[in-house]
Amino acid sequence: MALDKNQIAKRIAQEVKDGYYVNLGIGIPTLVANFIPEGIEVVLQSENGLLGIGPFPTESELDADLINAGKQTVTYAKGASFFDSATSFAMIRGGHVDMTILGAFEVSEKGDIASWKIPGKLIKGMGGSMDLVAGAKNIIVAMMHTDKEGNSKILKNCTLPLTGVKCVQKVVTNLAVLEITENGFKLLERAPGVSVEEIQKYTEATLIIEGEIPEMNV
Amino acid sequence: MNKVFKNAEEALKGLESNMTVMLGGFGLCGIPENAIRTIANSNITGLTCISNNAGVDDFGLGILLKKHQVKKMIASYVGENKEFERQMLSGELEVELNPQGTLAERIRAAGAGIPAFYVPAGVGTEVAEGKEVREFDGRLYLMEKWLKADFALVKAWKGDTHGNLIYHHTANNFNNMMAAAGKITIAEVEELVPAGELDPHQIHTPGIFVQRIFQGVNYEKRIEQVTIRK
Amino acid sequence: MNKVFKNAEEALKGLESNMTVMLGGFGLCGIPENAIRTIANSNITGLTCISNNAGVDDFGLGILLKKHQVKKMIASYVGENKEFERQMLSGELEVELNPQGTLAERIRAAGAGIPAFYVPAGVGTEVAEGKEVREFDGRLYLMEKWLKADFALVKAWKGDTHGNLIYHHTANNFNNMMAAAGKITIAEVEELVPAGELDPHQIHTPGIFVQRIFQGVNYEKRIEQVTIRK
Amino acid sequence: MALDKNQIAKRIAQEVKDGYYVNLGIGIPTLVANFIPEGIEVVLQSENGLLGIGPFPTESELDADLINAGKQTVTYAKGASFFDSATSFAMIRGGHVDMTILGAFEVSEKGDIASWKIPGKLIKGMGGSMDLVAGAKNIIVAMMHTDKEGNSKILKNCTLPLTGVKCVQKVVTNLAVLEITENGFKLLERAPGVSVEEIQKYTEATLIIEGEIPEMNV
């Protein structure tokens, strides 16, 4: 059965290692914070100027001056710091953030990602996404495998304006975990009960399938 | 050293139509509410506004957009604003989108006397169009140029009569860099104190970057997305 | 998040001969005394040292120079050191002098992922030799490149277990930028506290830039020029 | 009679205007702080990371962590701030410092300055001087008119390695106040009792002399 958003987030949380500095994008990536395993200490970076995002505030903690990059009210964790946007992107561009988890419209087998513009339909802007995919060491994309009409978003080549080229390392969708290799998408794991054939059916790019493909543990 | 002005009206003297104006803030967090309100009440039009976002329909920069006072926006993210989208798609509003880190660094560069620099963000994308691409240590980078303004309008938590500023939590964001990038920088603060009252270690923006300062009034500090823990 | 080391010896593990090392400080103000002492007591040689100054004959970087542990110095001002001058003139020591602001910005650029940028300093001087000169807005600028190090050795006043740092008075100087420019950054602090004890508004260097931290001992904090008001 | 160092500093102090941010170099320029006229508020910038230098400390105020760019112990004034070297030179390079006063070995009629190196004899390094002359709006040089052998240091062309080109606005020496114009050095003022002829005698460059040249008020 295909994963729901929380399950995708839960699976991605398994990629996070102790001591990592992680930037979480808007949407599914934000949910990853809820599934960080016990005993693993992670510092969440928010590109609007906060290192060490805490949980959402209680009513009485609410502070208009304390938000995350998705403009949601947050709190800050022990050991947090505040800084300006130039310093924030020095962290990102300078390769100090260990992992970035973000959403996408499309990902290609070369590791290209499109996430900020649908010509004639939607232009919200790239925000910090272009800096993040160019700067972080490890880029993981959280997304649905297909659009609402069932068209694959896992492609040979992206069709939409790009956010970055050859930058994505891994993609976790509702159907599969994919690694981007020299030769394209390698299928690492299947959603529970979803067959390799089914995944290939919903994937425009050709999948590299080696040996038995295990089910995700979510 | 007389930088203190009575209010936004006095401090904004000299700001005219068709100028380039930077406005601090991220979303609605840390925006110069008093300065925006004052411009909205003026006849100024044709502004080029540099700001990470464009406010929402009825608050922040959104107010100036609705009143057609803005000719061009330079920003990184402009969601959350229907009127903005309408003006952009109809061609009424010129829009230049920058990656957020590139926008921040272009503004910092202006304040720091650096006319151009290279970044990896945007290589191979639309953002690279018309820009020099250059290889350093085996990787490709884009040349980006400094971004200056006639006026920089910033908002701080505390300020002193010398123009020193301290920001609160994530309300710093673009304010600190913009303060150094305006020909004239106007800071509005929630609390204005005499020089000497702020700890010199804690000052985020040294007063040398600020030409005018005033204590703002009636801050609404609207929250875009109230998110509460149960 | 285990960044805390027992002492300089433990923290400096992995620093080897012929590496490039950045050392914070301006003159003798804000230098990493414990790290320098530890290197002086080791057999490490052939270091390339990046530091604004070169210490004095018997303190700071001067100790490493005297022991011939330094192959090359990248600095802006090297007066106040006779042995340094002797080694430089005899050719024992390779020296690259940078304008101070250019040095600071090259180090910042390394930490910020900016491989190159343009500055006006040095145009028409020896410093321009071999560098690209380019015109922006009618003025000439030099292209300068980022400056990285295998290890950055910085000194702060207070630090916490996450690596967050606060500097005292003018002892910040080059430390803040260097913290972000080392592959491995080692911070020594006068006072080490648990994460959460420092005010997040007052942190000068966010912990993300610091890989190792330890509480230093026996700080001499020598003054180069005691100047007293009568 | 030729001015002493304090008189040179006193004359330069007359150039400083209320509200100016000023960077003072080592040597004579440091003395300028002692002669700022009453009622004129000036903020002194020290490139090692202090805006708002105060007077030298008393014995009990002495602090190894609080020095100026000449490595002398100082205090800080009301409204001061501390920052790192990148921010300090952002102030300087970005044109935020209104006036820089520095020493020199030589100045040319084009406004070139040499101040950091005497080949084969002395190489202390340029420190912040190259950034200062490239960045500040108004550069004033404080220097002796001649070297110890009586050779002019006010030249058609500098002979020593340059610190900056076409950047000096004004020179105050023990003999004269000179302005650098399109056509070269213009003599503005004479030291008390020193004749125009005497000044020209000690000046390699040709002086532009228009009308009566007043004596300095020091």
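For clarity, chains are labelled A, B, C and D in written order, and residue numbers in each chain start from 1.
We take it that a contact is a pair of C-beta atoms (placed from the backbone, for glycine too) under 8 Å apart; a residue touches a chain by one contact, two chains touch by 3 or more.
Predicted model, so just to flag it, every value in this text is computed and none were measured.
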| item | value |
| --- | --- |
| Least step count from subunit A to subunit C, where 1 means the two chains touch | 1 |
| Inter-chain centre distance, subunit B versus subunit C - centres from mean C-alpha coordinates, in Å | 33 |
| Centroid distance [mean C-alpha coordinates] between subunit B and subunit A, Å | 28 |
| Rounded Å distance, subunit B centre to subunit D centre (Cα mean) | 36 |
| For subunit D, residues that touch 2 or more chains besides their own | 76, 82-83, 86, 89, 92-93, 135 |
| Multi-partner residues of subunit C (each touching 2 or more other chains) | 105, 108, 112-114, 119-120, 167-169, 200-201 |
| Chain pairs that touch, as defined at the top of this document | A-B, A-C, B-C, B-D, C-D |
| Complex interface listing, subunit C residues touching subunit D | 26-30, 52, 75-80, 85, 88, 95, 97, 99-105, 107-108, 119-127, 157, 167-177, 204, 221-229 |
| Complex contact set, residues of subunit D against subunit B | 18-19, 21, 41, 43, 45, 51-52, 76, 78-83, 86-87, 89-97, 135 |
| Complex interface listing, subunit D residues touching subunit C | 46-50, 55-59, 62-74, 76, 82-86, 88-89, 92-93, 112, 117, 123-131, 134-135, 161-165 |
| Complex contacts: residues of subunit B adjacent to subunit C | 105, 109, 112-120, 134, 136-137, 139, 141, 145, 166-169, 200-202 |
| Complex interface listing, subunit C residues touching subunit A | 1-2, 108, 110-114, 160-162, 164, 180, 195-196, 200-201, 203, 206-209 |
